[in-house]
Amino acid sequence: MHILVLLKMVPDVVEDLEIAPDGKALDLEYLRMILSESDDHALEQALLMKERHGGKVTVLALDAPEVDDALFTAAAKGADRVVKVVGMDAGLTTRQAARVFAQVIQSETGLMPADLVLTGVQAIDDLDGLIAPLVAHELGLPYLGIVTRVTFDAPGQLVQAIKEYSGGVRGEFEVKLPAVLGMQAAERPPRYVPVAKVRTAMKSQKIECTPAPIADGGWLAIEVVEMKRNEPAGHAEMLEGDADQASGRLCGILAERGIF
Amino acid sequence: MATCPATLEELPRYPEGKEILTCLQCGMCSGTCPYGDVMDYPPRRMIAMMRAGMLEKVFTSDSLLSCVACYACMAKCPRGIRLTEILLPLMKEQTLTHLPELPSELQKALQNTLRYGNPMGEPSRKRAAWVKTSGVPIRIFAEDRRPADVLWFVECYTSYYPRGQDNCRATAKVFDRLGIDFAILGNEEKCAGECGRLTWEPGLFETLMDYNMAVFQKYQFNRIVTSCPHAHNAFKNRYPALGFNWGLEHTTPFLGKHLAQLKPLLTRKLNCTVTYHDSCCLGRQNEFYEAPRQLLQAIPGVKLVEMVHNRLNAICCGGGGGGMWLDTYFKAKGYERLSERRVKEAAATGADVLAVSCPYEVSRFEDALKVLGYDKRIIVRDVTELLAEAMEE
Amino acid sequence: MTGNVWVVAEQWRGHLSEITYEMLALGREVADGLGVPLTAVLAGCGIQELAQTLGCADNVLYVDHPLLAEPIPELCADALAQLIEARKPCALLVPLTNVSLGVGTLVAIRLGNSAVNFCKDIKIVDGKLQAICVMYGGKIEVAVEPAGGLAIVGVWPGARPADKGRSERSPAIEEATVTLEDSRVRLKKYIDPEADDVDLTKQDVLVAVGRGIQSRDNIALAEELAKALGGAVAGSRPVIDQGWLPLSSQIGKSGLAVKPKLYVALGISGAPEHIEGMKDAGLIVAVNSDARAPIFNVAHYGIVGDVLETLPALTAAIETRKAASHHA
């Protein structure tokens, strides 16, 4: 069995995000990048399935600051092959990133055939699309998103996948392979790998680099008019009065917001 | 200090390893261990298993998760076996790789420390945010590269937590009144890594040690004074291997050395009964018992009372060895929190103030006081906070 | 821009989702702003009667196809793409919900069109549609203009009040046909949650108690409020440590991280460990006797007072209001 995992680095929101002087993008100076959270779950799911069924896991990522950390960590966790696409323009949108992924998957030896292509369901910077359905479309593969459980059904070349709906409802789906799944959460939280193991991986394993295909535009873009910080409320609006008065006001606010 | 064994395989070749093999199996360690009665393999049994070649069983049990690195076992061992310093960290490292799943809070703390330089996962750019609230000017090396006498290593809990920041402001005020020439690293500072070392992750510790040594070498100072006893330990015991050769003090004994100068500045009467909690790192490990007590007694209107377990016998707050991030894990197993055990002792002395000198202790004891309903009777204050309060504005 | 504004009326398991009405309210404003009609697009199998409630729109385009009986994003997108190619709307508003996630993206790529995600509001600027989107976990707001004649926009829940999208009007209903092929994705069945298996991370409303609740018995008061609001009770660490609530109810660093629509923090001081678990809630309301409790720094509304007095007063006010609106 071969599972291909697509990883994307996104801005780390723990650090304060600043806007660039042109007012249309993030200021890159203090920006740190981190592996998109649901991509980490996609990797964990792939590793769990490898442990169960054998086979191999290949990880493919686009070059970005701190991506090497993520790739070596993936290798230390058990990925068999880690590949990085280099030479692209900086600041690709999700749509452009998906196109690069799809082209590289088809052109780079050994990435296909894969039984499953796993990636996160959604990333915090997915302004113009989602990786999973875009890649699925480009590769002509079926797609299912918000998946929390995947079971490989060997004889029928199928997977059983659980998709999450609101209110605790889940849907049990059957997907014919090969397929692309957008993972919401792996069956268990992403495993911890000791720093020492990652440091060992840095010395013993190699990240393969593959050149990016020539950018071909040809789709309609979206234009960013303005980007700014979403200012949070600094302090609560205090509701005055005794218990009855204050709670009466609060009740009114909740009703207005459609809470009940 | 001689180089330490890096792995359990190497251990027998080192003097410390040979020492472990001379264990009498007297059981003093297990008896004095605060969680010894709930571990499958308390220290004595651990050594027995080691000698029997059956360590696998220890690694796959969760005994090491219950060790709070309080040094009690090491302090009482008649053979002087370096349990907490040498054997236990190596055991913990193995446990981490053998456990199918690490408790998530601990895992998050370790990941955060690696990525952000602090276990809370706060941004590094906010580490020096408290400086703006200080009543006295604070020099940051990156902004003003002149040499200083003291590099004040503030550490994580002190920098980011509101109660820790109270401590920072107090420390800054006292340093200022004493005319100490100090500067801090500000946002360049990252955790000294001691909890990584004692808790499972030598790789994390090495990464932080490499980073911190590189930062230290950028600036000129004579010594490091730190508010955190854990950082103090790391600098004292491990960093010399990478060339750390500056003077080193924890703030409490450092201020203790300035007692003659401090005393005339302590003019406000605090009128309270204080009991002092000996932190494990400062107390048992380094034997700094008297300096904090002398400082407290120098404050006008302070009456000092002792808890039943004090000095060498003090009960750990439960925060070391990763315990800071294992409270929910302990609770789920039904353990009594050590901080609660300790706070009951404090209440029994009739004291109004529980004085501490480790940043972990503030939140742990304040939490315990709330849970036990003593929070109206007793407040927790760092020794430095009390000193600052006793000074005029 | 020419062409209608289309809103995807999301139906799931035989019911129209709340977000449908929210988006109709938004769509109405956009359509009026552009001076074009508003169309609701309803796709499914055997759900024609749902079209009646979509009167906020000028007309309903209804597609009935056996392959649309279950929510398969690829099939839904295929159907929409065919309708769009035939009728050329100027905007398509798609809900960002679990049911519809991926549909907007798939429609866009099938048509070679752009897609906008994460939209919380739409403005008309110089006769063009401008989407206001929140990215990066809510920290950044970005205004974007899709190029070309069709704006495909994925809209967050809560963009407008659902009530503004409801209407007594009977819309004109037109049936349209599409050709669909079997998908390689098949829904076998739904798994509904156990009656008592309450997953707090899925609740829209959480009533959380801290030390200020003072005793195990008083938790019943919180349960009443939770019931009135259609939510569940949670707790901060001290309460769980006391054994007054189970571990599965713990919110915070050592417990759950939740993002409900409403989080009511009762007698919770707001220690960083707790805030971490609930700071992203949509609306945070805090009651605490200490005016300087840190919880008030993250709450949207606050009441300084005794939890044990305020809590029952609030429950009573809500019950009264609900009873009144049922009689209206």
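Each chain gets a letter, A, B and C, in the order it is written, and its residues are counted from 1.
One rule holds in what follows: a contact is a pair of C-beta atoms (placed from the backbone, for glycine too) under 8 Å apart; a residue touches a chain by one contact, two chains touch by 3 or more.
All values derive from a computational prediction rather than experimental measurement.
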Touch-based graph of the chains, sorted into line, ring, star, complete or other: complete
Chain nearest the overall C-alpha centroid of the shown protein atoms: A
Chain at maximum distance from subunit A, centres defined as averaged CA atoms: B
Separation of mean Cα positions, subunit C and subunit A [Å, integer]: 22
Whole-Å gap between the CA centroids of subunit A and subunit B: 38
Centroid spacing, where centroids are CA-atom means, of subunit B and subunit C in whole angstrom: 46
Subunit C residues counted as touching two or more neighbouring chains: none
Contacting residues of subunit B [partner subunit C, same complex]: 105, 108, 120, 160-162, 327-328, 331-332, 337, 367, 370-371
Subunit C residues within the subunit B interface of the complex: 211, 237-238, 240-242, 247, 250, 253-255, 272, 294
Residues of subunit B defined as touching subunit A within the complex: 93, 96-97, 101-102, 104, 107, 110-111, 114-116, 121-126, 200-204, 206-207
Residue ranges of subunit C in contact with subunit A within the complex: 12, 71, 73-74, 97-99, 101-102, 105-106, 108-110, 112-118, 125, 130, 133-148, 161-163, 183-193, 197, 199, 202, 205, 228-230, 261-262, 283-286, 296-306, 309-310, 313-314, 316-318, 321-322
Residue ranges of subunit A in contact with subunit B within the complex: 14-16, 30, 34, 188-189, 191-192, 194-199
